[in-house]
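Chains here go by letter, A, B and C, matching the order in which they are written, and residues are numbered from 1 within each.
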Amino acid sequence: MQNNIDSSLYPTTNGVGDFVRSMLSAQSAELVNNVLAIIAILMVVALSPVVLIWLERKVAAHFQARLGPMRVGWHGMLQPMADGIKLIFKEVLKPEGADSFIFFLAPILPATASFLVLTVIPFDHHLQVTDLPAGVLYVIAVSGLGVMGVLLAGWSSNNKYSLLGAMRSGAQMISYEISLAFLMLLIVLLSGTASLREIVFSQQGTVMDWWIFKFPVFGFIAFVLFLISSTAELNRGPFDIAEAESELTGGFSTEYSGISFAMFFLAEFVNMFVAAALTTTFFLGGFLSPQFGIAPLDQVLNMVPGFIWFFLKSYVVIFIFMWFRWTFPRPRVDQLMDLEWKILLPLNLLIMITGGIFVGMGWV
Amino acid sequence: MDLQPVIAPPGFRTGGDTSTSTEEYFLNMGPQHPSTHGVLRLVLKLDGESIIEVVPHLGYIHRGLEKVAENQTYVQNIHLSDRVDYLSSHIYNMAYCLTVENALGIGVPERAEYIRVIVCELQRIQSHLLWWGVMGMDLGAITCFLYGFKEREIITDIFEELCGARLTMNYFRPGGSFADVPDSFIPQVKSLIEKMKVALDEYNTLLTGNIIFQKRTKGVGVLTAEDAIQYGCSGPVLRGSGVSYDVRKDDTYSIYDQFDFDVPLGTKGDCFDRYVIRMEEMAQSLKILEQAVAKFPTGPYRSKTSASIKLQPGTYYSQVETGRGLLGIYIVSKGGTKPYRIKYRSPSMSNLHALNHMAQGHKIADLIPIVATMDIVIPDIDR
Amino acid sequence: MGITGLATRTIPKYLDPLPGGTQLVDSIEFVVGWARANSLWPLVYGTACCAMEMMSAGSSRHDWARFGVEVARATPRQADLIVLAGTIVEKMGSRLVTLYEQMPGSKYVIAMGSCAISGGPFYYDSYSVIKGGDRLIPVDVYIPGCPPRPEALLQGIMELQKKIRTEGRRNPWVIGGVNENPSIDIFSTAKKNWAEAGQKQFVADDEKYILPSRTKPSRKAVDDRPEVTAREKKLSGMSAGEIDKVVAAEFRGIKNVSREEPGQGRTIDYRVSSRNYIHFITFLKNHSELRLDYLLQIMAIDHGDRFEVSVQLMSSSLGHRVFVQCDLEHANPQIETISSIFLGAEWHEREIFDLFGITFLNHPDMRRFFLEDDFPGHPMRKDFSDPTRVIPRPY
């Protein structure tokens, strides 16, 4: 098994890779290959918010018995483009008394953090910028950067609403990061590796070998906890207490306009995609096609490329995120903290211990 | 750096900062704020996220309606009463017409009484539907807003067919209403009753049973019965605190004494009680509608009144129950076709007065359900 | 200058001489105009009735999200559009201007409803309503109605979109002008016309005013309306006679000024002197039989030569009502507060102080309630006149 994985690691063996290698020396070929992978991921990053914004508005609209954007493009497909262009051409205002440098730095940070996380996510057998041996640690470390942007934005805006929103968001994201880290470490414990690629390969086999099912009952609980923690980490409804439109008007982004606001908007959706991608990688077998142990069906499913499976699974998770948002009311800030520290964290520890026992006894 | 001492905005009663570990600050909410239901302005004194004191500032939609009314005839004033509380415009029309009828000493035919009861109960449901939707939206469940409006539009359609207006109705007149109901009125109301019964279950599934919602509202904004009476609260705010006073029952007007309905009461006086009472009131209104539709009589829809209405000198008062509480209309006449003074005793103003009492010690986020369950309409306060 | 200036001036300066440069700039303009038109994020702003119809426009049936107007922003920094839904009063006016200034360009304004266009039903006689939003901020589209239907708002949005699409460097987006606050003279013509109309008799032989015979007045004949007597009201609580007995036992000089005979109605009016005022109210509240624990309201009436303060009490458990009237002199009206007896009285008294100028002694918070602190005079007094604010009704 181990050898099998090694042989499929970089440098890639796809058509483009072969062509590049035949033209260049091994080292520069790898460089070019990585640049191509980065470009591919940038494309994903640039396109996914566009798709997601449209999807969010349509999903919300249909949940709410209406149509949503209809006038630009087929069923409003171009709506995110219109929003984006409009925001780019809109005046950028800086409130009096705001700290200029931090005020304009802050919107860049959350998006950057999520871009960085994308580098280690395996989209397909060969579609990954780099596979770090300690990929999980990297993800935990880098995603923590996102909260910096929110905190700085709230602090530098010179607005009480922003500050309140930022403080709420800081408390919330730091708390839920613990939960998320524990759940990621659980998967590391179960699969015995911290490389995201190998975590995916540890779920090879049928659907029942995905960590959501392979680790009986607790795997599913862990999956649900991961979804809840991710939603909180994303600052998305119902846990959008940092933005809390009805309480704090716009929370940390109250004073942002034009392109600065667009960056926050973009980061929100890239973040959502990242969270969904991580959920897929950790619990839903990543790019592996679902296998049901029925030979003819499995062969058909195997013919579909891995990245399609990856995106399908991610979008299912994204749909669940949207479902959350458009159904539940928002908890209060102290209730949210209660949920994390009094319910989720003890539950996580319990699952960790159970996971340790399972691994120790060789049951998984 | 020199820190300027914070000068407290006017209106605060609580003393200055005594502890050294925390610093109090002031936060301005409104007049343009998504959860203040219009142009209410609240100035909060906060310690972290905890509210120490709330001072509402009013008058951002004070239109001088009572002054304008003094120069209009009694019939012209009906259309101004629409615009006091636009969510209960039929009920305001009715209260106004009741006062004038009371002054003239005339009554209305039976069919007109039934029309009034049906229309007012429809209006109550409509008003509560909007409240339910907006309350959900304020708490972050935006879908509630759309669901509430879905059924609200059906009632709006009925009103539109009835009198041509969707919001500011101007339908009732002293002695009845300006036109008879269309033939489609009763079938439409019947079908609405069926739809609403399903919809109410749906609302309870979507919001009432939700654990986050219950956590947000239970034990929040408690108002005891004594305080509610002291502040002059009325409607669901008063009944949520366990005081049974519903003008429809305790000071019956029109033909409400001929219908069988209950007045839901709360026990704790918190936001959840007020919420449940409003939900139950919708069910009770449906009950009234069912009875009224079943024995809807034929006959004239308006009694005879003189062409120009002149009131004898004196003072006239009558009160009704709107979706928000007790509405009293007080007319001072010195003879002639125009009132000398009209005063609307609006329920929202007294209800809002209890806000500071209810919100003290809670978090900023708790202010939202407290304001939402009061269901205030700002023009009703400011007039 | 910013990005707008870059697009409208700098880039065309270098691009226009090049072959195809004009077309390039035009196409950029087209895209920007298209984007702005299709992504109008409204500010959450609404003051009165029209706001309800605006909410209806956002609801499932009308759904303004179809036009890209979905993302209602609570903060003006991210909004493109203010829909002036509802009456704008003086106190809100300065806030509205601030909101508009807080919005980044390009920004648009729709005046929805007659109040936002001209003051609507509050044009005459009102001392606080601003007669049209365009006296404060530039308005792009006017939607008449009181309130306009949601469909009308949607049409207004589509008209605005049409306007935005034509924007470009030949017709760049600018902050438009604001209507000058017209003096009353503008309305003198209207006044004259009204006066003329009042004198002119609309007689049938005046050819100009003869109606075509087929358009008969549609008002129904009044003959079929029956005369109906008032319904007998079921009464609860103490009757006026009983209340009178209780009160007379304690207070000798209190005058019962009820319109109805004692024992008929449930409402009973008393007139007290300001000396007895506090004692009488305290007595009514604390009396174990009357149980008048609920304050309906306190209101004032300006009788020209005197003020009358009316305290309206009700028993929340029994249901009877007692109204207490107290006359005050017109020159320097003041009276003791009852906010220590009824907490709810505080705001009612502030309202009276604001609108009538009656001072309540020992009141904990005697500030203006509805109007700005620098508002001259007390508008609900009968002798109030302020030609800069009030346009008197000409008929």
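We take it that a contact is a pair of C-beta atoms (placed from the backbone, for glycine too) under 8 Å apart; a residue touches a chain by one contact, two chains touch by 3 or more.
Note that the coordinates shown come from a computational prediction; the quantities given were computed from them, not determined experimentally.
Enquirer: Centre of all protein Cα atoms: which chain's centre is nearest to it?
Expert: Given all protein C-alpha atoms shown, the central chain works out to be B.
Enquirer: Given the two chain pairs A-B and B-C, which is bridged by the higher number of C-beta pairs in contact?
Expert: Answer by contact count: B-C.
Enquirer: Among the chains, which is located farthest from subunit C on the basis of C-alpha centroids?
Expert: Between subunit C and every other chain, the largest centroid distance is to A.
Enquirer: Just the number, please: Cα centre separation of subunit A and subunit C in whole Å.
Expert: Averaging C-alpha atoms per chain gives centres 49 Å apart.
Enquirer: List the centre-to-centre spacing of subunit A and subunit B in whole Å, with centres computed as mean CA coordinates.
Expert: Here subunit A and subunit B have centroids separated by 45 Å.
Enquirer: Distance-wise, how many Å sit between the C-alpha centres of subunit B and subunit C, to the nearest whole number?
Expert: For subunit B versus subunit C, the centre distance works out to 16 Å.
Enquirer: Using the touch rule from the top of the page, what residues of subunit A touch 2 or more other chains?
Expert: In subunit A, residues 64-66, 245-246, 249 touch at least two other chains, as defined above.
Enquirer: Which subunit B residues reach two or more other chains?
Expert: Residue numbers touching two or more other chains: 33-34, 146, 150.
Enquirer: For subunit C, which residues are shared contacts with two or more other chains?
Expert: Counting only residues that touch two or more other chains, subunit C contributes 59-61, 74.
Enquirer: Per the contact definition, I'd like the list of subunit C residues that touch subunit A in the complex.
Expert: Those in contact with subunit A are residues 2-4, 7, 31-32, 34-36, 38-39, 59-61, 63, 65-68, 70-71, 73-75, 77-78, 80, 102, 104-106.
Enquirer: Mind pulling up the subunit B residues that touch subunit A in the complex?
Expert: 25, 27, 33-35, 49, 136-143, 146-147, 150, 206-207, 210, 212-213, 215-216, 363-368
Enquirer: Which of the residues in subunit A come into contact with subunit B in the complex?
Expert: Checking each residue of subunit A against subunit B gives 60, 63-66, 160-161, 164, 237-238, 240-241, 244-249, 326-335.
Enquirer: Within the complex, which stretch of subunit A touches subunit C?
Expert: Against subunit C, subunit A makes touches at 57, 61, 64-72, 76, 78-79, 81-93, 245-246, 249-250, 253-258, 261.
Enquirer: Enumerate the contact residues on subunit B facing subunit C in the complex.
Expert: Residues 10-11, 13, 31-34, 38-39, 58-68, 70-71, 79-80, 82-83, 86-87, 101-102, 105-109, 130, 145-146, 149-150, 152-153, 156, 166-168, 175-176, 227, 229-233, 238, 243, 245, 250-253, 255, 257, 300, 302-305, 307, 314-315, 317, 319, 326, 328, 330, 332, 340-341, 343, 345, 349-350, 353, 378-379, 382.
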